[in-house]
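Heads up, the next two complexes both have chain A, just with different partners, chain B and then chain C.
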Partner chain A sequence: MAGTYEPIATTTLSSPSGAVGFSSIPSTYTDLIVVASIKMNSGTPNINLYINTIDSQSYSSTLLKGTGSATTSSRNINKYGSGGGAPIGEATTEWGIATLHFNNYSNTTTYKTILTRITEPTNATMASVCLVRSTAAISSFVVQADSGSFVTDSTFTIYGIKAG
Partner chain B sequence: MAVTFYKIATVTVGSGGVSTIDFTSIPSTYTDLKLVISGRTTNDSGWRDYFMLRYNASSSSIYSRIYTVGYDASTYVSGSASAQSYHTAGVMSANDSTANTFGNCEVYIANYTSSVNKVISMDFIAENNNATAYMLGANAGLWASTAAINQITLYPYNVTPTGNFAQYTTATLYGISKS
Partner chain C sequence: MSVSSVKTGATGISLLTGNAFYDPGNFTSIASTTVGVGGVASFTFSSIPSTYAHLQIRALTKSDYAGQANINMRFNSDTGSNYAWHQFLGDGSSPYSNGASSQTLIRCIHSSNETSTFGSGVIDILDYASTSKYKTVRVLSGYDMNGTGGYIMHRSGLWMNTGAISSITIIPESGNLAQYTSLALYGVKV
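Let's look at the complex of A and B:
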């Protein structure tokens, strides 16, 4: 069986942290998928995606969120700064799942689009799309909370997908 | 080269349909599970039919979810359900929908063998090829059990099935390992 869904790296937090990143991502795959089990130590902060250490007004994102009582959509343009990149959803003090899809991440011709789903059973169900206006291959990224920290035992695994 | 995305089992429904689809004896050797469904039911149900999931054959009232859906003529809504005895995972095409249309659903269960309550993501879409009849949605589900998941059962419409999964419905369960 050809290896087309390979774990590249896993980070399991041994202490709380407000940000988790991966660097030196090989360019040998077609797509990347990140699966994270996350929980915050306080609050319900925005979670931001910060790519290739790009810290400029190069991000935009659109979010869809259902809370159980309302469905809302929000738009973020040219986000950057200490929070890092573009908002892709939120996390809270319950365990949730976040999946991020980096499609065609290593091409050097197009801007990059990232699709995210965040599942938090008593808080919200969320989906988002993020665009970073850079043609560089994605070799690193950081998932960062606006405030608070991901708790100990939060895990982040990055998989490489090959089209053939 | 490591292979970490394994097909555990596939069910393809034959002529006459089946009232449930059951994945049993799920090995505990993976990190996560992913269930991919292409489905249609035999009910005449206003073109779309809900379908349900149970884990480990549990009928305890420990299933809850938050959902957001968009459907029909530009309608969208978010709601929740708690103390249920099943997860309403999504919708699929019903018998009175356009011929040969099948709904799709993906279910992702992270850390399915862990000793904490299970968080389950369920995304779905059903399309009827007309101007006003469609549905898509996303569920954030919780199964409040610390047991490892070793069985997943799918039901059409209700856990006391009114109809069957129709012929050519397929469900595939994958195991994903992070190492």
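Let's look at the complex of A and C:
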């Protein structure tokens, strides 16, 4: 019998990569949670979310960032999937943690709203909400950096949560 | 008492006869709902057992109100001014924080006024079954409307009551919970 909260897949990078994706995600869960331990090989790029290979201007996001001395909020609209999708946060050259919540990801009646928390040690803490204007169930997604690569040993784990 | 397994035919004295031990794990679904046609004024998780350490509500919500509206939370049908909340929000340009005391409910999620755009939220209620502490709530929630509105929100809430939480009501500040709103309650064991 399946559990309520269980791992679906995990990826540990054996070499640097600018993007990590999951495909063929089953629709049998209620929510998905992605937990990633990430570090860049250079810079502080935006981390973007690209879903179901939807390549139209269907992506938007709102971000909140606190650096310890300043708080900012930014918005991205009409982003193309082919341009990487919508920014959901940043990553740095120190190990950070990203947690993404895909609530009710497999419904086919609402647009998809994804919440993200990203911790950037010594740099900032961030949260974001991303909208994908598609009612299709999420069956694949890619997390990718604007520039640079996630370093070796970066990990990405996707969990499924099942409501009774 | 002898028990026979309908699965294997094995006989024994345990209800687990013939079946592998099932461990429900430390994160367990308690109840869930998806709002149907016409919406509902509110939804209540009732008869919540006190056997968990913490609760988590995971939700995709919307009000059918013409404007954007908060989706709020109330415990044990307490409609008194026994709640407080704080919030830290990003609206795409000017982040801000505020709060309120002596409230009749806790702000948790929020709702867009676009048909297909719902707010998403994860609500943690820690030590909900304690009978010696006021109850504290932590929320991550948000919605985005592609340039016409939306917030990313950190919220916290307080219920100034030491009673164990046995029911949770989710109620929009205006309008009804719209069709396709989904709410799921989980119990977390330690």
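The rule is simple: the second predicted complex is superposed on the first by the 159 of 164 C-alpha atoms of A that agree within 3 Å, B and C clash if a C-alpha of one lies under 4 Å from a C-alpha of the other, contacts with A are read in each partner's own complex, and residues count from 1 in each chain.
Please note the rule applied: a contact is a pair of C-beta atoms (placed from the backbone, for glycine too) under 8 Å apart; a residue touches a chain by one contact, two chains touch by 3 or more.
Remember, it's a predicted structure, so these values are computed and weren't measured experimentally.
Annotation for the three-chain superposition on chain A: chain B and chain C clash. When both complexes are overlaid on chain A, the residue A:107 reaches chain C alone and has no touch with chain B. Of the two partner chains placed by superposition, only chain C is touched by A:115; chain B is not. By the touch criterion defined above, A:17 reaches neither chain B nor chain C.
When the two complexes are overlaid on their common chain A, residue A:64 makes contact with chain B and with chain C alike. Applying the stated contact rule after C-alpha superposition, one finds that A:127 touches each of chain B and chain C. Within the superposed three-chain model, A:93 lies out of touch with both chain B and chain C [touch as defined at top]. Looking at the shared chain after the overlay, A:44 reaches neither chain B nor chain C. By the touch criterion stated above, A:140 is placed in contact with neither chain B nor chain C. Touch criterion met: A:78 reaches chain C, while chain B stays clear of it. When the two complexes are superposed on chain A, the residues of chain A that touch both chain B and chain C are 1, 3-5, 64-65, 71, 117, 127. Listing the residues of chain B that touch chain A in their complex gives 1-5, 31-32, 64-70, 76-80, 108, 110-111, 116-117, 119-121, 123, 138-142, 176-179. Of all residues in chain A, only 1, 3-5, 30-31, 60-65, 71-75, 77-78, 101, 103-104, 107, 109-111, 113-115, 117, 127-131, 133, 135, 161-164 touch chain C in the complex they form. Of all the residues in chain C, the ones that touch chain A in their complex are 22, 24-25, 27-32, 58-60, 62, 88-95, 116-122, 140-147, 150-152, 154, 180, 182, 184, 186. Chain A meets chain B in the complex at residues 1-7, 10, 35, 37, 64-71, 95-97, 99, 117, 119-127, 155, 157, 159.
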